[in-house]
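What follows are several structures.
Heads up, the next two complexes both have chain A, just with different partners, chain B and then chain C.
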Partner chain A sequence: MIETILQYVIQSTIRSGLYALVAIGFTLIFGVGGVLNLAHGASIVLGAYGAYFAATQGLGIPGAVAAAVVIPAVFGAVMYLTIIRRFEHEPIMVMILTLVVSVAIEQVVLKTFGAQPVAVPQFFSGNFSLGATNVQANQAAIFVLSWALIITLFLFINYTKQGKAILATSMSAKGASLMGIKSSRINLTTWIIAGALAGVAGMALGSQLTANYHLGRNPLVLSFSIVVLGGIGSIRGSVLGAYLIGFLEVGVVEFVSSDLTGIAPLVVLVLVLLVKPEGLYGRELAE
Partner chain B sequence: MVNDGNRDWSSSSNGNKNGKSENVGNKRRFGRRPFIKAAGIGAAATGLAGCLGGGGEEAAVPLADRDEIRIGVLAPHPSEDPIGGSIANGAKLAAKQINDDGGLDGTELNVMVKDTAEDPQTGRERYGEFIREEDVDLTTGVFTSEVLLAILEDIAEAQTPHMTAGAATPDASAQVNENYEQYKYHFRTGPINAHHLGVNLVDFMDAKASDLGWETVAVLVEDFTWTEPVSAVLNERLEDTGVDVVMNRRYSSGTSDFNPVYNDVEDSGADAAFVAMAHTGSAAITQWAQQQRPFEFGGIHVPMQLPAYYDLVKGASAYGVTQNSATPQSEVTTPDEVDRGDATVPFAENFMAEYDSYPVYTGYIAYDAVNQFATVVEEQGDLGADPVVTGLEESSYTGTAGTIEYYGQDSDYTHDVVYAEDKVWPVFMQWQPEDPQNPQAGGTQEVIFPDNLATADYQTPPWI
Partner chain C sequence: MSNRHRAGLVGLVLLAGLPAVLEPTMALTFAGAYFFGVYAMSWDVVSGYTGQISFGHGLFFGVGGYTSALLNAGYGLDPVLSIPVGVLLAAVAGIIIGVPALRLRGPYLSLVTLVAPLILVQLFIYRSDIFNGEQGISPAKVDALLGLSTFGDEYMFYYIALALFVFVLALLWTITRSDAGAVFTAIREDEDTVSASGLNPAKFKIMAFVLSAAVGGLAGAMIVHTPSGNASPSTLLAITVNVEVIIAAILGGMGTIVGAAIGGVLLILLQNQLLNVDLVVPLLDTPISEMDFLVFAIITLILLFAFPGGLIRWAFGLTGMFKERVFGGEGGGPEVATDGGAESEANTPLEQVYENYTDDLRAMFGGDDDER
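Now for the complex of A and B:
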């Protein structure tokens, strides 16, 4: 029994780290820019395939990680500069445009790399035992990477000039602009950071599950659930939401039925919207 | 399936495929052919058939009077997916070779390809386009069982022969069996139907389980339509082989994280995961290899059938076993056996030369389907649906995947390809690394069963 619980805790903790990685970029854009980025899944796909492509070119794990970060980050920047900036005060237009771009990216990936899944390189290979549980080194690496990025993001937001400007813009774009903060530059920064985070999440996901052109769809839905549960716009809430949903999902699959995979986050999404639509931490970063 | 009522070709009152062919029995292509030629053929055909009084006789559509024979191929993502691409290219290669040989009595084959996107509604739309706009004489392909079942009613209404190359559900042949006159236009050239896929798994275990050392197995089957008959057979017969089934699970079709499933397999103490997987297979094999789970892995794993799969998953398929119709190196048939076109290995090599990749199993089947159809048409000298149906029923055609014959009306699987050792008898293959010390470097598909086609002995994964 203790072994089962230990296994559950370890698997849930590792899964939640990945979920947090998937969701924080999504929440960052909403918290600061006030728009929903439905191309978040496309950034995840670009990260996974960027890593795959770099590996096939013989660039090794460092090259794969670099590609997984840089390609989606550039994609985020281009998206913002060419499309989002023109419509950043029209959230519906942004939703439509990001959705269209997302579908287009999927099709480009499909045409370029084919419909068959591809193996994305692992950060680390091999396994080790933790208690009575067999843990992949790659999963553990993703967990550590997730927390490293969360802490780095937290420190960046709270203790750097640029970060404080992001925080200020998220609280009040008008107030921030009165203080001389250029909101467009801040938004561009968040799109780049969110793209890079999604890219890392894509490589992490792909290294566990293999990648295909629609790899980003489930994470997008998952991001919705996590962000709504945590409180739209709250990074802290998103991290907590990722852990709650991670533990819930692994628990449902482990103790109820593996047929219910993927259902728990959707149920949570509906329940939170019905009962506590502001989520656990409200929208602390938003005006 | 509900008729959406928007197909003018289905509204004929005289059994024709559409209203364009009232004078010529049940073929309707003459609206697209030169009028004089059409009128001549129509008059001759109806006269010969003696059906001016509506006697229901099949009108002849003489091969010599045709300017081309049109074949519609339905394939999923033919430009991007090796499974769909193999269907399309297998059919094209057969047509090309026939045309290079002077066609059928001088008439060339014209192959057209449309994308089903593995979606039932899309499949119906593309099938309808073939019938309404392209006037095809034959359709082939269809990989996904759900798509095949969606178009089955349309095939019946169109009264145009269809030779399935890919989908395995026996629900289609059950329809033919139950209502023969309506559904007799459907044939499954391959693979063997899903019931026989299950029987084939049992036959494999019966013959090889002791050699492999698989005394206990955990049965893992993805929850899709095509696996339902597979599960039924395994539940009923697998333990008769002496193998102990210690776990038996149909897992969710949405599964991408196999950790919980594999933990249960480990807990069960099974020697091997005995699987039936297509859509979820890549995540399953990759996680099995990455985690070096202490059980072996084999059964039906559709992605592993791809000749290029080893590189796609960076060697994760090493030591995995899957059933397959044929492999580029397996001499299922030899050149002195085949009736038309190439035998297994020459076909694979010609396919590689033409399309720069080896075919997936669907490629062998689509190639055989077009060649068998051509053989029947040539023998009958007639493109009419009924002569073709009769010809296919009587045909015994040896192609790349074996000798293709179809079950008759008295079988539960009417018009499915016959599963037997001297007919169609799939191979089981294992991906074996070229360098065991560096499994990512490259691997080959080695046949391990049946013994007369074996190219290597089974290898146990080194971590077990």
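Now for the complex of A and C:
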């Protein structure tokens, strides 16, 4: 029993870190640009398949990681520059266009790599024991990596000039522009960061099990719940939300039924929206 | 009767005569397209008119379709009886979605409507014993309408779908051109003004949602009893269905009913046409017909880029006339207000929704009110 619970805690902790990476990117784009990026799931897929492709080309783990970061980051930049910038003040159009783009990306991946799941390379192989349970080194690496990224991003946002500019733009685009901050550059930065984070999460998700062309859908839908629960635009809220949702999701699947995958977070989402739409952290960035 | 009305009537007469030159399989394709036209109209009446953008209209098609299919397959209820029950339950679903819509605005409403069908699909998978999961209810278990058979009665299905299409078109046309339609439009333009006029926007929003859900549910309930569709997530509830409905309405021209109807029909015909293209894409080495959805997505992107105001408006060069019809304002350029600024009346429905949406976002994030 204890073992099951320990296993559950470890599983959820690692999974939640990845959800946080996905959700932070989502919330950054929403907080700064005011648009919902429904192609965020496509970045996850691109990260996983980028890593897989680099590995099959014999580039090794460093190559795989680089591909998982760079390809989705470039994808984010291209998306912003070609599509989003034109419809920046038309959030509905952005939702539709990003959704269509994500479907297109999924189709390209499906046609290029097939419907069979592929094995994404692991960061590290092997096992070690923690207390009474066995932990894969890869999972530990993912945990460390996700927290390293979260902390780095937190420091970047709060203590660098670029980061503060992002914060300022999300508080008031107009005020920021009066201070000489170019909002289009800030937006571009957030799209690149969001893409890179999602790509890393994609590689990590794929390396735990396998990757398929619709790998990104579930995390994307989960990040709706996470972002709304944490409070739209709040990074701290996203991390907390990711852990709450992650533990809930893994718990329901583990202890109730695996057929219920995805339902509990959606129910939480609807409840939060009805009861406390501003989420846990309201809008931290605006304070 | 204006020229446009005449053109519309001639078009309908042509559609009625079309089976004379259509092959049976094409007749079924057209039937599917009419059903989709009804979906798009049902979206338009709530989202295009009141501006409550729904990203999950499949919920209503699904509730209608599954209800009718299950009652028919499980209890042997005749489609003639099970379809109205489906419509009723879809209307109830309209209330369930409509009530939160009173509290939630803009992006929040979009999120709720986006996930509502996802929850339903998950429930269907969870209770696969009843709903048969992602496969859906096999069409073999469901009776066809009026005891028709898939092979041989293609033209009857064509006329059933066309009859539904015309009926819904007439119904929604009448309602949206009535006083209620004017209130719907007013809610989209400025909800506070509606309240200030002594009308309750909540009542009209719920009404729009229920109307829309019932119409969508009707189409969903009918389609499962025809060869055009069955009660499965992929034909009724999938995200692609939800998005295609929106794309159809926006491409056709949002907030006009007619535009949504034409957009919905054309979209399915275009998709079907892609299946028959033999061209082989050089780089990927696959024929277009095998990646129809990708090509469709790309064409959609291009169309949305080129004609954000709607294909129909553009095609007829009727922007001014449409505005005149819909808003009763002057056609041509934007009306100049007394303070010298342009009045927002001259905006297309899409632009108005964008404006409200952006306002809601600002309210959500606080600040930046001065930009207005």
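Simple rule for what comes next: the second predicted complex is superposed on the first by the 278 of 287 C-alpha atoms of A that agree within 3 Å, B and C clash if a C-alpha of one lies under 4 Å from a C-alpha of the other, contacts with A are read in each partner's own complex, and residues count from 1 in each chain.
Basically, a contact is a pair of C-beta atoms (placed from the backbone, for glycine too) under 8 Å apart; a residue touches a chain by one contact, two chains touch by 3 or more.
Because the structure is predicted, anything quoted here is derived from the model rather than measured.
Visitor: In the superposed arrangement, does A:A104 touch chain B (first), chain C (second), both or neither?
Guide: second
Visitor: Mind telling me which of the two, chain B or chain C, contacts the most residues of chain A?
Guide: Counting contacted residues of chain A, the larger count belongs to C.
Visitor: Tell me which partner A:K276 touches in the superposition: chain B (first), chain C (second), both or neither.
Guide: Neither partner.
Visitor: If we overlay the two complexes on their shared chain A, which of chain B and chain C does A:Q208 touch? Say first, second, both or neither.
Guide: Touch status of A:Q208: first partner only.
Visitor: Check whether A:P121 is in contact with chain B, with chain C, with both or with neither, and answer first, second, both or neither.
Guide: First partner only, chain B.
Visitor: Between chain B (first) and chain C (second), which does A:K182 come into contact with in this model arrangement: first, second, both, or neither?
Guide: Neither partner.
Visitor: Look at A:Q7 in the shared chain and tell me whether it touches chain B only, chain C only, both, or neither; answer first, second, both or neither.
Guide: Only chain B is touched by A:Q7; chain C is not.
Visitor: Could you say whether A:D259 touches chain B, chain C, both of them, or neither, answering first, second, both or neither?
Guide: both
Visitor: Of the residues on chain A, which ones does chain B touch that chain C also touches?
Guide: In chain A, residues 111, 259-262 are touched by chain B and also by chain C.
Visitor: Using the touch rule from the top, collect the residues of chain A that touch chain B in their complex.
Guide: 7, 11, 15, 55, 110-111, 114-119, 121-122, 125, 127, 134, 136, 138, 208-210, 212, 218, 250, 253-254, 258-262
Visitor: Once bound in the complex, which stretches of chain C touch chain A?
Guide: 53, 55, 100, 103-104, 106-108, 110-112, 114-116, 118-119, 122-123, 125-126, 128, 239-240, 243, 246-247, 250, 284, 286, 290-291, 293-294, 297-298, 300-301, 304-305, 308, 350, 353-354, 357-358, 361, 364-368, 370-371
Visitor: Provide the residue numbers of chain A that touch chain C in the complex, in ascending order.
Guide: Going by the criterion above, the answer is residues 30-31, 34, 36, 83, 86, 89-93, 95-97, 99-101, 103-104, 107-108, 111-112, 170-175, 221, 224, 228, 232-233, 257, 259-263, 266-267, 269-270, 273-274, 277-278, 283, 286.
Visitor: Flag every residue of chain B that touches chain A in the complex, lowest number first.
Guide: Contacts found on chain B: 76-77, 79-82, 84, 223, 249, 251-252, 254-257, 259-261, 263, 282-283, 286-287, 290-292, 303, 306, 309, 312-314, 316.
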